[in-house]
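I've put the structures underneath this note.
Okay, so chain A shows up in both of these, paired with chain B first and chain C after.
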Partner chain A sequence: MAEFSLYATPALGGYSTTHDGIALEELDGLGLISIATPLDSDAALAAALKKGFGAEIPAVGKVASSSDSKIRFLGMAPGQLFAAFEHDGPNAEGAIADKLAGAGYTTDQSDVWVGLRIAGPEVRTVLERICPLDLAPNAFAQDKVARTAMEHMAAIVFREGEDGFVLLTARSSAKSFLHALEVSIANAL
Partner chain B sequence: MSTQDNRLSGGLIDRERPLRFRFNGEELQGFQGDTVASALVANGVKLVGRSFKYHRPRGILTAGSEEPNALLTIGEGAYAEPNTRATVAELYDGLSAKSQNHRGPLGFDVMAVNDFLSPFLSAGFYYKTFMWPRAFWEKLYEPIIRKSAGLGALSGEPDPSSYDKGFLHCDLLVIGAGPAGLAAARSAARAGAKVILADEDFRFGGRLNAETYEIDGRPGAVWAEDTAKALAEMENVRLMPRTTVYGAYDHGVYGALERTGDHLPDTDGKPRQVLWRIYTKRALLCAGATERPIAFGDNDRPGVMLASAVRSYANRFAATPGKRIAVFTNNDDGWRTASDLAARGVEVAAVIDPRDGSPRAEIPGASVFMGDAVAGTKGRKAIREITLASGRSLAVDCLAVSGGWNPNLQLTCHQRGKPAWNAEIAAFVPADPLPVGMSVAGAARGALSLQAALTEGQAKAEAALSDLGFKVSGEPVPASSDESFAVTPLWHVKESKRRAWVDLQNDVTVKDVKLAHQEGFLSVEHLKRYTTLGMATDQGKTANVLGLAIMAEQRGISIPEAGTTIFRPPYTPVPIGALAGRARGKDFRPYRLTPSHDWAEEQGAVFVEAGAWMRAQYFPREGETHWRQSVDREVSTTRNSVGVCDVTTLGKVDIQGRDAAEFLNRVYINGFAKLAVGKTRYGMMLREDGIAMDDGTTARLGETHYVMTTTTANAGPVFRHLEFCRQCLWPDLDVHLISTTDGWAQFAVAGPNARKLLQKVVDAEFDISNEGFPFMACGEITVCGGTPARLFRISFSGELAYEIAVPARYGDALIRVLMQAGEEFGVTPYGTEALGVMRIEKGHAAGAELCGTTTAQDLGMGRMVSKKKDCIGNTLSERPELNREDGLRLVGFRPVDKSHALKAGWHFVSKGSPTDMAHDEGWMTSVAFSPSLGHSIGLGFIKSGDTRMGEIVRAVSPATDSDIEVEIVPSHFVDPEGERLRG
Partner chain C sequence: MIINHPLLGPRDSAEFTYLGDASLIERPDWQAEDAADQFHDYLYLRDNPAGEHRELWFHEQGDRSWLVVTRNTLTHEITKVELARDVARSLGRSR
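What follows is the complex of A and B.
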């Protein structure tokens, strides 16, 4: 038995509130793994993704799901996917890497990013104060993912439900990002 | 309490909602739906301000955003907003307004003496008058001129209002909600397009609210209200009243200012204004037209008003600007003022039309003077009488003037478009090329009649939508009248004997324009700069065309030949506060916090900004009164036992791929091809030009897996550089990059007891003894009973040292564990100051040495540049100038008199040489007090430094009169053999 043990601290202290009909919460237990396609090996990765997860490689800007709908594959850049899924503990990478069996280079991004879920009927009115993207349902479909910057901070955006979004932002500046969202809610609603 | 003597019946005001307000302390009343200007008109207030230069009494000229005169300070204390146009300021209960630019009361401004000095104060006077003596300009003349001229004053306090910004997207942006804009928005909305309709007014309808036209059998204002209501119910439409689209930018992006709170007594903590960036697929400019005045003698007297403004006040606001009004118009539209006033029971004294022919309308009770003109006015603070060119005089208390209409084409010119002259309406109209995606409809395009506005608005919207692939309905255009706007240009009345004003905001007269001509300022751009015509808050909306027409006359050329000045954003003033938005104070930019930030705060750490990062600078303990005490203690404790520092901020790049080793070989100057798994190596990279870019370590975690660290400051630029190399230079390499900077909480554990401390934390199956885990080893391990971690045996301090990293979520826990485990060794946390002291003691280069001008050679690492392989910067690093024998070298310095404190920035000069640039030999880059040596030490670059050990030179700073002797020494002040870090 080790003398010491380590506990995990959520970047935003497990933030979860509802203001003016907008629910805003920090995602607990987010596993986030980047997958890079080895040079000239797209087919091998596609086969491994199909075999391991029943998923197609999403185009850049699109989201694909595993056959059990538990893993979202986000098309981030040419030759780069993110796998996003619920995962407790620090070893999320294995869940993806083991099934890819070397068909893709994986890097654990779970602690690089903080996930925030924001939802409510007026969610787009709130986000239009900081998000330069057009989030209208017809412009930002359910299967879309995008990288952007809000208040000078990098962000990844994808949808969850009709009036909900998941925003991924860098862990070190997550408090500033949360502040930006709180101010937007207060200002817009 | 005033009686609103000039109130008429009807109008678009809500008489159920009376509002109190104060003007220069006097309590007045108006109604909901009034502007400050219309409420002042209703109360019979004529004098509202003093002019910019001559302090002449001025009244309200217009009823819109083009107002040059009626600029008031609205609000109290820190909320006071100077230069607010009374004509667009919406009245609210309790509003307080003050006039500007007078000393003493508005009615008796002592600065009005300037008006008597006007022969000396004409255009360009200060360029000529205040030339000598030269020194007097800055100290005497300019302050006096500045004090006497001007607009309102800022409160001098921080702005307590809040502001925000945002982003909107639409298929069609309709700018202006007059008849053209409403018809366009209606048509586009029905086609299903995403439409934004923005108007600077708080009430949609534009001129429809001020006129008596009918559309489809309904009064125009009612049609506008009904149309706006129908639009408000459609989900694909966003109505934005109180919103000025102020700029047209690239790719169909528009800037807009929405005044969300200016009309409210209290914004309840919400932003006062929101600055929007609107991304459009198409935009339709329906901004209408602005009436222009005619210049004649004393035409700036309060009570002289644009004819359309008189109609606006009478029809929309039920407030008459006078009780006996004359109309002076050179066009048919101006006659509507006379007929509308007469219909409302206001006495029309006369209509004066310089054109020949028969009267254009029958005005009951009015004398009509065709072929005549107004040549002068009388009255002190308000008009009392007008004099015609024919010599007649008439007693009036208001003169309505119309010189024709200028289309509001400003936005069409924001991308260097030049307008074209349309002789039929004697005005400039938009001309190709328009900003991409923009079209123009209605009066803004020069189609001045109502029917033309409706027809064009709909047609242009339909064209834009068809272009975007929408199916348009092709429904009938609303029907209205097609009234006449026939005009014969008249710019100024030559019979006038007294000064005739062209630009009321800047006090520019016809004479000033003539003077500019006489002195050779012929181009309109020179005219503008010489006379200030068209500058300041109104940007010459009522003055520009008049001024350049008069210049054209002087030069004997046509108006289009004279041309126009360029319009630039913003269309109307945008407060700096709105441009800043919420980026104020601490919210100016985001902060990045380290995983141990909360813990460090608990320790009372003093923080320092390192880029966006907040890093602990030092950790004061009880009894320490000076930062040096804390830093000295942190250094000594680390060197004698063990210290811990959060180094998470260093950039981390995860590098994977079959060709990762080759990639590293090409970006670093030294070889990485043979780095074994489980080993770390220091590397330096150059820019393409051979100058040092960044340094750090790269660890090989697996066959195809590396982790690079960069300096904190260069984490972003290095990543960008690597991506450029990967994607553009060597797309044939199998190499992949992703940043993991934020993902790992990383701590340096340094000092002779570092290993003992870590052995309590690292799980027992991992051997971290000197043999099992030697200097420069790295590995993936577990700590505290199975938590994944990475361990690197690297040292920046020069001590036996490790860097240990855990997933960031465990960072807070790990720093507390390290402190607890280190308690028996007296562990100390150390901040960036101690980090800096120890690296200087050890001679390591950092930001001050990697300053963008130095080479590997200068840094003493010339031999690291591998000649066996190619790398970025290799070739250009071989330039002779970068390889001079007497080139700069990084060496150490210590003061000959040890009591002296060295300073970074000092320059080196040989003993006996003069202190000048010709004898400059280098400079001090970094200094510190070394607790290990007990005196100040420094690093610096000096010519041939490596061959001059022991030489005494002077370190000088002519700026601070410092000049001391320093000795050149090796840069490794502590443990030069590196025994400690290998121990």
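What follows is the complex of A and C.
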């Protein structure tokens, strides 16, 4: 009988390039867990987040970090957080769910999203062509996160460093999304 | 057109989808004596004002909240934006 070995492949094959001073790379090993607040249990979830991760519950549109800065908690909507962190292999959910001990409803979303990091001095010039949000530093502060659509594809946007952004989008349309970014870089620069 | 979301700040209207008159929040009691008449009015009778209009918008490409937007249909000026949840609760609903 033939022997098979299975291994995970990143959605964009570990894409990483620099065009015109803009570094664009796929985030490999991204764990993404949604956390929903049980009805009227905001205080219990806040306590569990504080105890387990040393983090406050972020307001909608804000990012909070764990005390070791390894996990970002994204405030997506009333009663909904996303936890984003580096994680190799399956079962990213355990890293969050074990410490919440039932105070939040967790769902592993890692395998349906793809993350891209885009950075460079002209990054806002590139993104303003396709992103309807105002990403200027005074309008989109370091601790902001937003959900929007670029070229009709849904995306979550948050900042990494002064001139860097992380974009999360659906894995199923990841290649189209990457193409939209490549075209925008070529058009803008 | 820009909708000033109460939680998220100003957002392009392209992120939203439109449903219709905000009176859709006030769904009649299906057990009332005259439920059929009430549902007829609820479904089919709408004011069609040339001017200020309260309407439901869904932030589909955003935080997926429902909003009640007060918009002038002649000028597109938006004078008020509320979370539909808050409007429903102010009418005595539990959620």
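General observations
Throughout what follows, the second predicted complex is superposed on the first by the 184 of 189 C-alpha atoms of A that agree within 3 Å, B and C clash if a C-alpha of one lies under 4 Å from a C-alpha of the other, contacts with A are read in each partner's own complex, and residues count from 1 in each chain.
To be clear about the criterion, a residue touches a chain if its C-beta (ideal position, glycine included) is under 8 Å from a C-beta of that chain, and two chains touch if they have at least 3 such contacts.
Computed from a predicted model, the values in this text were never measured in an experiment.
Measured by the number of chain A residues touched, the leading partner among chain B and chain C is B.
Looking at the shared chain after the overlay, A:P132 reaches both chain B and chain C.
Of the two partner chains placed by superposition, only chain C is touched by A:R147; chain B is not. By the touch criterion stated above, A:F177 is placed in contact with chain B alone, chain C being left untouched. In the superposed pair of complexes, A:G61 makes contact with chain C only, with no contact to chain B. Shared contact residues of chain A, touching chain B in one structure and chain C in the other: 80, 132-133.
Across the complex, chain B meets chain A through its residues 162, 164-169, 194, 269-271, 274, 277, 279, 582, 587, 589-595, 612-613, 648, 654, 656-659, 704-705, 732-734, 736, 738-744, 760-761, 763, 783-785, 787-788, 806-814, 817, 820-821. Per the touch definition, chain A reaches chain B in the complex via residues 1-11, 34, 36, 38-40, 79-80, 90-91, 105, 107-113, 128-134, 136, 139, 151-153, 170-173, 175-177, 179-180, 183-184, 186-188. The residues of chain C lying in touch with chain A in their complex are 7-9, 11-12, 14-15, 61-65, 85. Looking at the complex, you find that chain A touches chain C at residues 60-61, 76-78, 80, 132-133, 146-149, 154.
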